[in-house]
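To keep things simple, chains are lettered A, B, C and D as they appear, and every chain counts its residues starting from 1.
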Amino acid sequence: MTRILPKNKLDDCIAAWQKAGFSVLAPVQRHGMSSFGEVQKASEMALDLILTERTIKDHFFPQTEPLIKYKISKHDIDSETMTPPERKRIFFGVRPCDASGLEIDDPLFGWDYKDDYWFRRRENSVIVSIACSEADDFCMCTSVKLSPDSTRGADVMLRPLSGGNGWQVEAISERGTALCDTVSSLLQEETAQAAPLPRVDGKFDVEKVMEWLADKENFESRFWKDISMRCIGCGSCTFLCPTCHCFDIQDEGDTYQGIRRKNWDSCSFALFTMHTSGHNPRNAQSTRWRQRIMHKFNYYQGKFGVNSCSGCGRCTRQCPVDMGITETLQAITNLPR
Amino acid sequence: MIYTPFPMRVVSKREEAPGVRTLKLEFVRQEDHEFFKANYRTGMFGLYGLFGEGESTFCVASPETRKDAIECTFRQSGRVTSMLSGVDAGDLVTFRGPYGNCFPIEQFYGKNLLFIAGGIALPPTRSVIWSCLDRREKFGRVTIVYGARTVADLVYKHELDDWKKRDDVNLVLTVDPGGETPDWTDHVGFVPTVLEQAAPSPDNTIAVLCGPPIMIKFTLISLQKLGFDQENVYTTLENRMKCGVGKCGRCNVGSVYICKEGPVFTAAEVSRMPEGDL
Amino acid sequence: MSESFEPKIVAFVCTYCTYAGADLAGTSRLKYAPNVRIVRLPCTGRISPMFILKALQKGADSVLVSGCHPGDCHFAAGNYHARRRWTVFRALLAFTGIPEERIRFSWVSAAEGAKFADLINEITEETKKLGPFTQYQELQKAIETQSSY
Amino acid sequence: MGIQEQYRSEAAELLSSGEVKLVIGFGAGSTADRRRPLFARTPEESEKLVLDQNCIANLTTYLVAGGLLTDGKKVAVFLKPDGIRSLNILIAESQVKAEQVVIFGFAIENNEVTPLEGRSISDFAKLGEKLRTATPPPSVQEEAERLEAMGSSGRFEYWKEQFSKCIKCYACRQACPMCYCRRCIVDVNQPQWVSTSSHTLGNFEWNLVRAFHLAGRCAACGACDRACPVNIPLRLINYRMGKEVKEAFDYFAGESSDQNPVLASFRQDDPETFIL
């Protein structure tokens, strides 16, 4: 016997959660793009998508976020720190890769100095993951030691039933248990089989990759130039990545007032590391690609004990020149040793 | 909150060299000052800014022995430093920090000190120099080798005069060939060359080296020739920064975040970093 | 539209013709609507489309761009180049939904003080009829609040 | 011999004779129907060149990137008609020297790849004339007409929704062969003309500036549109700009390599119906 959430009870669930003060966000297809958006009804959800084009990272680390509002006069600064709204949110139908992405970024934003903009949103959010029932050519969660039903980062895990008319419910965290309690009357105890998980073939050997990356000799390897030659240096792989977290801080306004904002930035951009003097430590696109790979599979591991990749495959899926982490790591795996 | 800076009032502004200025800043709010006093150690850096322009990273040029105000020295080059150059006494600017690690000055007690600086990199060195000179009795011989492109480019000229007069400090000044004026009586030549001529003994000596990358590169070779161990040579690294607290992802050299694990490193630590990322 | 709405109009003008024309309007004691703010530039060829966008963002309800008549440009061909640019830029604004009625272009020579005064009056009247340009202003307002995320 | 084999062997010859230093073509991609840019530097590498109906990218982007042609040596490149148009524009704007580029021309019609005759840009003069009269893709034309019919506030709402998606990754700029500026206006910060933040207002700014800078310079290759990770229909704006310069100035970008760029030239009798 397992607890089941029947599909036809989803509307009631949403209503119950909203009554409990939550906003419900789910995969939606709007204005020609799939992302997480607020929904009122189950029919608005696009739960059949393998993966939304945008990640849920957007809702924890927005692409542009006001930090400080200021007014300037000659001898006075009037500034006001802006904080994210304390809004209780449920993310329903998150794929396991996206959910892991959040947990991967937690230590970074909490490292010594706590980034409240991130954590305030994290603390007020409940992640309800749904295990995948389909994968595409770009999915690679299994290669980074995750799986189509990994519970990492999830508060509640839903596993689709083989009939397709509901989900098995498993509360993972305390927050998840509490959430399930709010809709306990809608859940049913049944014996129902979960649908089989999709097969996601291993694409590279991450241990081998990490070993190769850790070898200092390889930092200046010709490999980096060859693999990244066609990179055009757009930031789409970083901006669509569920774990990429780099940002810029910019003041925007006129002579008298404005807002200091935290905006997404990307290690793919030449300007990212450019000194005022013109010196740029990462002057070539190949060095920037190396930074991205090294950061995800070497530096991050060294600092926080986890690789900064959850295997969603968006970097390859959306790349205008068909690059991405998969190809590079595959190539590293296959390098002669 | 994490990215909210302290308001600071400009006490004074000093022209150091063409395009180079020093600002002396005092805290507007007592609690900010207390925070700074409790946390600042020589070597740390801060983000100095102006609302409407942004923030720029440079060291705190004043030593931990003088925490009544913050001094910072910068060259006018980008958007923020250009606007900072325009402020006057009484104006308000912002400061975020102090961030980063520091010089382990207690470990220098009882040792001889060799300071080597080039051009605009005197300020970070100067903060260590004063940290030591203010506790002069704790250290052995103090040698300062400072060079700039031209006589005009030497910064902190009044302090150079002070140090020159002191008999417990050996000041070696130099300018690059062609940078001397008719009345220049000190050395002419590049810092590594002058350093080798001065030949300070590496015995029981700590070297603190700051300067542009090319100067650091050649001075390290000279120090090696003189017999200095890389573990006894300290230097500071600088990279573009936005957050200063290890989040924004741009300042790392290899796996090392300059903003958190730096900016102070021993030459040995620097040599372990990938050169292609510096 | 309520009577009290006083539109803000930004005029980007070249110094040699239209600015002189505006000057003439003033010295001739011609009365025209006080709603216009004049920004003087060396030549219409210098007027970047960015200026127009910024003016709209910062609260202009209409923008006027004005320079020398064809053939009269102080720099020989600045206004010819500008004319092509405006043609294209106007089409772009129209296509992206920024009402083209709010962006006006004119030739006003140094001798046409009366034309300048009439033009400003006319634009002011028409902008009053159009009402405030709220679309951009709302976007500006939206960025000043914490995102709903 | 099919066109793929023919071009492979020609590429190998050019490389082995030293006539060109590099062949920019297509290779197999990460899935069966994806093709990725391939750089062949040796005759052996040219064996990996693929040419089929999936080779849709415009490879002229690489000609202006990273000082590739600054050494004066020749490069061969696989180009569709839109690529040839962009090459014409780049030559007209003095960004590329015609003699440095060897063209492997091909066209894709009804999933068939056919070769285009000629190896030097001067061989394609007739193609420009043909393209000028070709009808734009009906889907683009119809969608643009639908927008035109909407009225200005409807259009504003439409673009507001579209631009609100923009994340300022600048993939549109990076993918575009015409965006070769060493420092793009959005990267200039003294003064900061275009806001770096990707809120809707800033996105309006960026997308309008981008479209304006490409007016009369766009070869309609669709690279920006395909590159956009958030599916903003940039093709519509580009189409509208192309239509404007054609109607107003009888100008078709990339028709030949000796055109005067439309916004850097003028005629005394240019239309000015809208000027008071």
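Rule of thumb we're sticking to: a residue touches a chain if its C-beta (ideal position, glycine included) is under 8 Å from a C-beta of that chain, and two chains touch if they have at least 3 such contacts.
Just so we're clear, the structure is a prediction, and the values are computed from it rather than from any experiment.
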Chain pair with more C-beta contacts, A-C versus A-B: A-B
Whole-Å separation of chain centres (CA-atom averages), subunit A against subunit B: 39
Rounded Å distance between subunit A and subunit C, as computed from the means of their C-alpha atoms: 45
Centre-to-centre distance between subunit D and subunit C (centres being mean Cα positions), rounded to whole Å: 33
Subunit B and subunit D: spacing of chain centres that average the CA atoms, whole Å: 49
For subunit D, residues contacting two or more additional chains: 192, 197, 199, 202
Multi-partner residues of subunit B (each touching 2 or more other chains): 78
Subunit A: positions in contact with at least two other chains: 64, 83, 248, 250, 252, 254
Interchain contacts (touch definition) - all pairs: A-B, A-C, A-D, B-D, C-D
Residues of subunit B touching subunit D in the complex: 78-79, 82
Of all residues in subunit D, those that touch subunit A in their complex: 29-31, 34-39, 57, 61-62, 65-66, 161-162, 164-165, 167-171, 173-175, 187, 192, 195-199, 202, 223, 226-227, 229-231, 233
Residues of subunit C that touch subunit D when the two form their complex: 49-50, 53, 57, 70-71, 77, 80-81, 83-100, 104-107, 119, 135-136, 139-140, 142-143
Complex contact set, residues of subunit A against subunit B: 67-68, 70, 72, 74-77, 79, 81, 83, 108-109, 111-117, 216, 219-220, 245-251, 253-255, 258, 260, 262, 265, 267, 272-277, 279, 281-282, 287, 291, 294-295, 298-299, 302-303
Residues of subunit C that touch subunit A when the two form their complex: 58, 143-149
